[in-house]
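In the two complexes that follow, chain A is the common piece, with chain B as its partner first and chain C second.
== the complex of A and B ==
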């Protein structure tokens, strides 16, 4: 009886959050298409940014065939995979993090905390930026092109692993961002750390071998960022092992638990603008 | 005198937020440091391709790019676009007997001064503690010309960002405009790579646009990579861009102010 009640409670809670998220999707879409000119400007700039990562690698490798054991096309594939990944991240998460930092800075987090849903959910999943979806589309098209150029095929297994790797990467980056932004509750003036996180996230754009040049201490700090992108790219290159998968899952699990703990502990120290 | 007092008031405010200033300074370091790591690996593996661009040369280039970016790249455009134009705060500037152009300059300058001080500390740290050779010009004429290049680079950066901010008079979404500008600056400003390492088409386009005159040319000038003739050419190009951009600023300001409504756009 008790386990049955627990199952009903869990399914009811799930339905509630799914309903809330579905409503959020509709509200965000309506806000996006309200102004057509700004819609097209955002669309154009999003496509430009998708191309930016690839253009960067093209410029960096314009005179050399390979770097760090990665061929030019492999680096381009990494760049296009990054485009797909960051498209998802900016669509679902990054805008919420920027808003969260601002709410903490201005002492307006109360409005999020008073809602009858989980505070972490309302703080980090409220805004959906559909425009960033163009980065996903452009990234996928470019990835397909580079795979064709390398004569590499992609089967159902690779697609499933690719999606799983992207999801793991999203979870890792989300956990890192949430941990850092939660800590701004102790020093709200540093809300501009979000801008720094946008730049630091670019660490995942480059091969892990690049960071072996730095000291062991710095490399250890950078390791979680290298799990964001490399697994998904290695899946497409048919160079992904079970050990690498376990490492990625392990890092994701540890960081997720850590992020949740830091968020909960930080909230205890939060004081709003009126207190 | 009154503008001096405005500067001091804003310096007080900027100094009060020195933690934020430090985070912004770290921002300017991040991309160049990542690119430096990439280039060091590429030069180690294919050094023969890059000629004079040795590991030492590329290290000094990117360190100087990071240092110069922190105080040459102005960030007033978001303030102009969002707070002043979108939120209507511009009205308080219009009612005062001060030039909007100069007042905003006095608001931005303290942040650049503080970040410039941080940049000097980093420069001294890498030069004398880490021991990385950061070549800088030492002949009086070169120092004079390079100083001129830096001053004009800062002026171009400021006027360009003011022009960018004023486009908010006509747009409902400024983030798209900002994203396009960041893309162009990264590609053509010498951030991704020294322009001499670009394919020739890209390098020629970069020479024509104003972005390279904000960070790239000041950095190669201070490293002593430009002859006196080339320094004079850069100065001439900077003066030309300054005149063009200031003309565009006046045009946008005179037209934009007629559209402005005091409660915002």
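== the complex of A and C ==
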């Protein structure tokens, strides 16, 4: 009987959060299309930016058959998968993290904490940047093209694994960002750490092998970032082992727990000093 | 003149107040540099020469571009769009200062600080990474590279200003600025030397102002250009400089006519 009640409670909570997210999707969409000129300019900029990185790799690898042990098409696939991944990340999470750092800096976090929903949920999912969806579309189209060029087929299993790998990568990157931004509660002046995070996240765009020349200490710091992208690309290349999957799941689980704990501990120190 | 020196001093003090922000900004730049550096290092790991470059010349190019970039592209003119949108520009219009000189003073302060930090960072990175770099010893070439650098800096100042002046007509200058900077990032040669591009793209890049921001001064420094190419570069660069200066003046004057000091 008790377990039945628990199930009803969980399903009710899920429904509530799904409803909140649906409303947020609608509100964000309306806000976006309100300024049409801006909408189209942003759309075009986003498309150009997603193609830009792939073109760069295309040029850089035009005369070399392989770099860091990755063939030209494998690197291009990595670049296009990065576009898909970062498109999702910017669409769902990154703008919220930037907003969170700002709210902490200006002492406005109270507005977020007082809402009758989980604070981490409202901190993470409030803004949806639909424009970044263009990066997902461009990335998927390019990935499909590169897979065709490499004569690699993609079946149902690969699609499921690919989505899971992208989700794992998002979870890893989100956990890193949330942990770092939560720490700004202790020192709000660090709010522009978000800019730094945007750039550090680019580390995932290149193969792990590239960073092996740096010192062991720095490489150890960079390792989690290299987990955000490689698994998804390896899935498409049919080169994804159970061990790699376990490693990624392990890193994701540890970082998620750590991020949630840091968030909770940091909130206890929030003083709303500026408001 | 004294007033503008005060603006430079004030801007530096502003940075000093938000030290942590500035340091984080510099860390971001170093990360960006290291990503590009290691990418090129890895590309050259198995090759003696690629695209007509040796590992030493390409790493010199990348490290130098990290120094040249803040000197040329470090700017505060992105704030102008917001000043126009919020109506705060009116505060400057009624004061006995030239807005253009005000912006230039802010930029000088920005460049000064960024260049000092860039030099320190590059020296540290040089000792940590010990890259095989190339030092130019020919004084004439060094002088020409310096002049090319100043030309690129002024060009970029007007280019960035024109983009911000769009704020007279649209409340959102972010998107056009972003779009232009994506193009600029590609065609300035901060990520790679432009002559590795396919010939049609390289030819196209030579006719754009971006070519003269970073790539041209660096190529002059590396001594990779003939006297003819340097002369031609300076002539086209000067034409672009005058064109951008004139365009900035026209856009500013027209913009002022459209300016309604909304928000004030």
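Basically, the second predicted complex is superposed on the first by the 272 of 275 C-alpha atoms of A that agree within 3 Å, B and C clash if a C-alpha of one lies under 4 Å from a C-alpha of the other, contacts with A are read in each partner's own complex, and residues count from 1 in each chain.
Assume a contact is a pair of C-beta atoms (placed from the backbone, for glycine too) under 8 Å apart; a residue touches a chain by one contact, two chains touch by 3 or more.
If you're wondering where the values come from, they're calculated on a predicted model, not measured in any experiment.
Enquirer: Based on the superposition on chain A, does the combination of chain B and chain C result in a clash or a fit?
Expert: clash
Enquirer: Now for A:59: first (chain B), second (chain C), both, or neither, which partner does it touch?
Expert: both
Enquirer: Please work out whether A:19 is in contact with chain B alone, chain C alone, both, or neither, and reply first, second, both or neither.
Expert: neither
Enquirer: After the superposition on A, what does A:144 contact: first (chain B), second (chain C), both or neither?
Expert: The answer is neither, since A:144 touches no partner chain.
Enquirer: So, A:199: does it touch chain B (first), chain C (second), both, or neither?
Expert: Both partners.
Enquirer: Using the superposition on A, tell me which residues of chain A are in contact with chain B and, in the other complex, with chain C.
Expert: 35, 37-38, 41-42, 44-45, 48-49, 52, 55-56, 59-60, 62-64, 67-68, 187, 189-193, 195-196, 199-200, 202-203, 206, 209-211, 213-214
Enquirer: Which chain B residues qualify as touching chain A in the complex?
Expert: 17, 19-20, 23-24, 26-27, 30-31, 34-35, 37-42, 45-46, 49-50, 171-173, 175-177, 179-180, 183, 186-187, 192-193, 197-199, 202
Enquirer: Enumerate the contact residues on chain C facing chain A in the complex.
Expert: Counting only chain C, the residues touching chain A are 18, 20-21, 24-25, 27-28, 31-32, 34-35, 38-39, 41-43, 46-47, 50-51, 170, 172, 175-176, 178-179, 182-183, 185-186, 191-192, 196-198.
Enquirer: Would you tell me which residues of chain A are touching chain B in their complex?
Expert: Contacts found on chain A: 35, 37-38, 41-42, 44-46, 48-49, 52, 55-56, 59-64, 66-68, 187, 189-193, 195-196, 199-200, 202-203, 205-206, 209-211, 213-214.
Enquirer: Contact residues on chain A for chain C in the complex?
Expert: Spelled out, the residues of chain A in touch with chain C are 35, 37-38, 41-42, 44-45, 48-49, 52, 55-56, 59-60, 62-64, 67-68, 187, 189-193, 195-196, 199-200, 202-203, 206, 209-211, 213-214.
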